[in-house]
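Got some structures for you, see below.
Two complexes follow with chain A in common, the first pairing it with chain B and the second with chain C.
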Partner chain A sequence: MSKKFILNRRSVLKYGSAGAVTALATPYFFTRGALAEGENYLNAPKGDTVTFGFNVPQTGPYADEGADELDAYKLAVDHLNGEGDGGCLSTFSSKVLKGNGVLGKKVAYVTGDTQTKSDAARASAKSMIEKDGAVMITGGSSSGVAVAVQGLCQEAGVIFMAALTHSNDTTGKDKKANGFRHFFNAYMSGAALAPVLEKAYGKDRRAYHLTADYTWGWTQQASIQKFTEEIGWETVNNVLTPLAATDFSSYIAPVLNSGADVLVLNHYGGNMVNSLTQAVQFGLRDKMVNGKQFEIIVPLYSELMAKGAGDNIKGVYGSMNWNWTLPDEGTKVFVKSFGEKYGRPPSNAAQTAYAQTLLYADAAERAGTFNPCGIVGALEGFDFDGLGNGPTHYRAADHQCFKDVLVVKGKEEPSSQYDTLEVVEVTPRAQVEYAPDNEMFAGGDLGKCNPGA
Partner chain B sequence: MDALILQILNGLDKGSAYALIALGLTLIFGTLGVVNFAHGALFMIGAFCAVTLQRILTLSYTVEDPTRTDFLGNPLKVDTPYVVHWFGDSIGHGIIEWAVPLAILFAIPVMLLLGYAMERGLIKHFYKRPHADQILVTFGLAIVLQEIIKLFYGANPIPTPAPDAFKGSIDFGVMIGFAANAIIYPAWRLVYFLFATVIIGAVFAFLQFTTFGMVVRAGMADRETVGLLGINIDKRFTIMFGIAAAVAGLAGVMYAPINSPNYHMGMDFLVLSFVVVVVGGMGSLPGAVLAGFLLGVLESFASMNEVKSLLPGIDQIIIYLVAIIILLTRPRGLMGRKGVMEE
Partner chain C sequence: MLGLSKKDTFFFLFVVFLTMATPIILQPFPEGSALAQFNAGYPDLMQRFAIYGIFAIGFNILFGLTGYLSFGHAAFLGVGSYSVVWMYKLLNYNVVPGLVLAIITSGLFALLIGYISLRRSGIYFSILTLAFAQMSFNLAYSVLTPLTNGETGLQVYNDDPQILLGANHPLGPHFFGIVMQDSAKINVGGWQWTFNNGYYFCAIIAVIAFYLSLRIFRSPFGTMLRAIKTNQTRMNYTGLNPRPYTLAAFVISGMYAGLAGGLLAAMDPLAGAERMQWTASGEVVLMTILGGAGTLMGPVLGAGFIKYFENIFSKINDGILHHWFSALPDGVEEFLVFIFHPFIGKGWSLTLGLLFMLVVIFLPGGLIEGGRRLGNLFTGKSRKPTTPAKDPEHHPKPAPHVA
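Let's look at the complex of A and B:
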């Protein structure tokens, strides 16, 4: 009996290995076959459509953000194809997009669920590239996922337009020539937040960090620590928490007796909703420590998190890439377009997703090709406006966008369910800029664009 | 010292959930001999009973308020729950606010029926099959239940708050003679611990002091003999399956304000609860409860910064480490009986 079992296991291993080798080899054949005749790049569109791949978390702790991003992508496709009210095509400073598709081709799309897991995200991006012929992948909602998918796109030879990814590493040590990020990063959050925190809470503070244990959490914690220590704060402790954690009580209890008077939650999405709610349940916000009122800071905010956390968010500082209440024309047009279609204002994740889709389409029009190297050339050093963030620059050295950053605070007296955050300062771009070789972004190599040929 | 007490409270709180789920698992295993991998899903469905009742209570009608505008500048649509319309502002909102405790009443019949249907409809066909088959079918059932919940409620956690009276924290330190503000603990977590204690006590009392319980205990010890006495033990065991499902469901209902319910929450608890059952001793009800609280407290201690600085990552593996040590030194678990799961 046991002999038979062992033989079965071997045969399973044998056939399994053969299957795995076949599976590994298959993408290569797909890749070769996908190169269009006369077009020396991967997945060159042959018919009258061009396919974009929207790779977002539809399950997992960042599923809310993923759903909002997906809605924004669909809206962008509508506008590119001349449907709906055209949205930001009218306010975008570049005027090459006419609402008749991109390079004469109607935009089609495929979607994937990253599950907020790098392996699942790579698998779904791979499927979109190899089976669906996606010429561009966009998405995010977790820097771990974004970095993994960006690497895959570089190897495969398609463009990756990162959406919600805030880790310094995305355009730091893990930057890639085929990858572009419109969203701001952890360094910028620290640079924008610290002066506001100094004004609100003073120079003499002791901070305790709870940090999501992956690339985004690490770089955000390091950035916030750097900038708060520069204003005189002391960092009491930094405790890493698993991304899958839902109960933070064991991590919050030690904060109570640590001597800290500020808790920095380097958490996002569902993690942040749970950790903030539980921190408030533990009475942290009612506590006096070192003669000061205990404070909580959430360095990276989103409207969806604010909604999930409810009243707990009131008075809590954080930073954002964009907010739907901004007064500029690009914002107004986008909020109207999104709001009329979906019945709610867009989040800053949705805005970056929308902007990235338009930026890619615009780059293709200006370059006259979907060839990744043409897109890279068109986006590097590109200056634009009218998408909601004010004048913005896509830096060639690391493919990071530079623009103003918002410091926000949970609103004390919200007038509606969407009126959760108030912009307390628009930090000018100059204050959050850094050199490409800044130590927090050191290492890695942008490399050369890969057209997949 | 106050830090230790805080972690003990945390541990008892976590242990409450482990103990309640493990208690149900052991009841099912002890009576029907089935290893029920769908038990975590029953915990999850219990939490969604709270979500469902909250949604029922907040069913609303919409009226446009021309004096106010929404974010697009259109007249604001104001939702008014029917409960508020019928009972007035304060009573209506009071009912909505107490949705989670009220959901206990809602969950008991739902979970009893679900448990009964699961046992009669599927699990009874696997009594004479190997444990591997039982595990596969109940695990499959758990996935089906998860996906059904995901289909109706989505994949995102749904905030389900406790009543306002229990939303904040209480000064537990003062209650046990410490200085003010030394031990602050969330009120609802204390409620959860007390609730778990009552449920566990009620299950034990039911088994110990009722005729029904006596027959079930006799059946657990020697099913054949009880059957030969002319007692329909199968029917009683089916009812026990329903009761076990109800215990898991109630654990889920009351857990909803601690962690917003999501379709996957049962799986998060299932593996740990099985470890609890094995550590406590397969088939031993007191063992399951003891191990639940013990492992909860140990897990909490392992999360202390002082412990983690000595043994990095210990908080992630402590339960499994203790399980290995206990099984090496006491192969039947803490309170396991001879002959259970042994050839």
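Let's look at the complex of A and C:
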């Protein structure tokens, strides 16, 4: 085994022990952490560039969403550095970004693969912070991962700009001072959907829930149940399905005999594509129960899911953070420059990723520093417009954005493969707002901003 | 020295040297150069090298010596992590109580799983351990959520009891006041070396773990384990009951895994359920085979190799490729980027898979065998031993292919 070492054991011993002694005796009086002179925060940019970390799932079940987010991040970097057509910089209500980088520094970026696993995501974010000197991490696609990375950024002392994460917990019990979320949440989905469902399906309905068995599924199910019960619906049953499930037929068969006339699918991604397809194949939507047409609801929609489920989503209600068909200027400009670069319209995950990058850059510019505490100060209570969602407010109490929520429906006659969803109603912000200490968000503590030094 | 033969002492000192000098060895390229991308000397990755090294060393005690292939070692990794985070939540951020608890709980857990699984051998044993690991994963993921916080992962919250937490105690994992996250950075010329407390904590534990495994390999107990691998039936006929030995090996390797899991949480105070998933169990099998099963150093090398690909290759993107090849004419640049594109970024597992295939096909003994062959090449020794084996008559003749 150790034959190869025996040949030069003298030198190995000599240099080896010498090296070990040197390494052990290395004094620890050198600077702690990566502090630059004068700037008292972690990873203060030294040269003429500032580094952002884009941490998205590139493999695993949410890889499609991740790829779309990454494209949007790259587009945002182009626009910040003055390449391309500048996109939303022209429509953004804050006018401090000039397309010459941020605070005079060109934006560079590093990318990483979260594999949709908290562990891998944290490893990748850590390498961005420790090796590449990133001052800001952004990304997401699973609420569990977003919560884990947000916690890491809080401990390490950099800013986390959450992209696609819909669980109430991200800005609820797991909220952190260094973390910010632009995307909407399960509570808002419930608040926006309930009135539309009441109008479409009436007050007297019996709902059956199939729920993905993890944090996001639970908070979404609880939110939908709360709001539908407020309009008079009855919740017949809530069945938890394993996240890894691909065959839902054994879960769907009991729905037929339960006396329920609405099926709520608290599923996302591939889960939703499978469960919806199987529910339709079982003929649920052609059934009459209690003298009413049987209906299916998918509270959280994404373009990629809609594409995967094909014809089955026609007429099915759900909610979204943003849609590329919106008529406002910010949306038009963003869709145009995204389309020109990648040849397809952006998804709502891409839009939130793009908006978060611009919001961070703008906050740094307004604060005059990349110091996380400066950024937190600039983003808390910030009101803005022109990024596609209409007037938006970043609430200081929990770092959640408040804006209009879209209720959408699967289009009956799609004109193209991207035109799958139609906006039924734009629910005004006031209707989806809640107090920071709402019971569904209680228990968390923002703590103090951490500059990492 | 330390009860080791002269040869082993040198070997051990060599390993100690490698571990201690890791922050320098892993930074071969100066900061700012194009190749700095391949530097791996940052705290998180170095910690992972040491931790997964411990995991693989422990796995090798079971797989390398007894030949029992466990597909469920990730369960112990997860149990170790949860133990440590619970100690943070209840006591304070000192890692010692957690690590002790991690080793104890994973040992008990291994005793339970081993007692049942070791009633079978071969593929049935593998399947049983796999089933237990998947059960643990599902329990952690969705059933025992009050204990594990499900998919989000167990973390420390500000309102946790933390009864031993004093006013001026560090608010991150520490070893009696030495904060794991802190490092000293030294700039020499263009090079930057990061000496991280957490890494050295893991490294010292890894060296101890390595020493223990070295002693086990050289002990009569280790010989007994090898005998089980060679021919268990013959062992039975000589009147020896192999099960206590295999169970002991299983529990020891489970405790190593628990220690590794505990250290993961000691470096980063979070325990996630996916740490227990079967892919994590499969990973340690790959590490061991890639490095060289049954060798002392192989599993550590394999662990380093896989973690390096996962963390360094997955971060190379097209932008960086364009930067590297920017000196070439446009057409050639585009072509090279096109060629390399599938193997970097999200394609890191493809590259790793190809390398794994190459290693298994051409170096069945793993990376260690590759190293030995290279060494022989340089020293002019031929691949096969030139001296004939002693007492050739008493060795079996090579069997013909078709019997």
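In this text, the second predicted complex is superposed on the first by the 420 of 453 C-alpha atoms of A that agree within 3 Å, B and C clash if a C-alpha of one lies under 4 Å from a C-alpha of the other, contacts with A are read in each partner's own complex, and residues count from 1 in each chain.
The rule is short, and it goes like this: a contact is a pair of C-beta atoms (placed from the backbone, for glycine too) under 8 Å apart; a residue touches a chain by one contact, two chains touch by 3 or more.
Predicted model, so just to flag it, every value in this text is computed and none were measured.
Engineer: Name the contact category of A:Lys131: first (chain B only), second (chain C only), both, or neither.
Structural biologist: Second partner only, chain C.
Engineer: Going by the contact rule set out at the top, does A:Asp383 touch chain B (first), chain C (second), both, or neither?
Structural biologist: neither
Engineer: With the two complexes superposed on chain A, say which partner A:Gly339 touches: chain B (first), chain C (second), both, or neither.
Structural biologist: first
Engineer: A:Asn237 contacts which: chain B (first), chain C (second), both, neither?
Structural biologist: first
Engineer: With the two complexes superposed on chain A, say which partner A:Asp445 touches: chain B (first), chain C (second), both, or neither.
Structural biologist: second
Engineer: Touching A:Glu229, do we find chain B (first), chain C (second), both, or neither?
Structural biologist: Neither partner.
Engineer: In this superposed model, does chain C or chain B come into contact with more residues of chain A?
Structural biologist: With both complexes superposed on chain A, more residues of chain A are touched by C.
Engineer: Figure out whether A:Asp204 sits in contact with chain B (first) or chain C (second), or with both, or with neither.
Structural biologist: neither
Engineer: In the overlay, answer first, second, both or neither for which of chain B and chain C A:Asp64 touches.
Structural biologist: Once the two structures are laid over each other on A, A:Asp64 reaches chain B alone.
Engineer: Look at A:Gly283 in the shared chain and tell me whether it touches chain B only, chain C only, both, or neither; answer first, second, both or neither.
Structural biologist: In the superposition, A:Gly283 touches chain B alone.
Engineer: Residue by residue on chain A, keep only those touching chain B in one complex and chain C in the other, then list them.
Structural biologist: 58-59, 63, 242
Engineer: Inside the complex, what are the residues of chain A that reach chain C?
Structural biologist: Against chain C, chain A makes touches at 1-7, 9, 12-13, 15-17, 19-20, 23-24, 26, 28-34, 58-59, 63, 109-113, 117-120, 122-124, 126-128, 130-132, 142-144, 147-148, 151-152, 155-156, 169, 173-174, 213-216, 240, 242-243, 443-445, 447.
Engineer: Applying the document's contact rule, which stretches of chain A touch chain B when the two form their complex?
Structural biologist: Contact set of chain A toward chain B: 58-60, 63-64, 67, 237, 239, 242, 244, 246-247, 249-251, 253-254, 256-258, 270, 273-274, 277-278, 281-283, 286-288, 308, 310, 324, 335-336, 339-340, 345, 416, 418-419.
Engineer: Considering the complex alone, what residue numbers of chain C touch chain A?
Structural biologist: 7-8, 10-11, 13-14, 16-17, 20-21, 23-24, 39, 42-45, 48, 138, 141-142, 150-153, 155, 157-159, 172, 181-186, 194-195, 264, 268-270, 272, 274-275, 295-297, 310-311, 314-315, 317, 319, 345-346, 348-349, 368, 371-372, 375-376, 379
Engineer: In their complex, what parts of chain B are in touch with chain A?
Structural biologist: 2-3, 6-7, 10, 13-14, 70-72, 76, 150, 154-157, 159, 161, 167-169, 181, 184-186, 188-189, 258-260, 262, 265, 268, 299-300, 303-305, 308, 315-316
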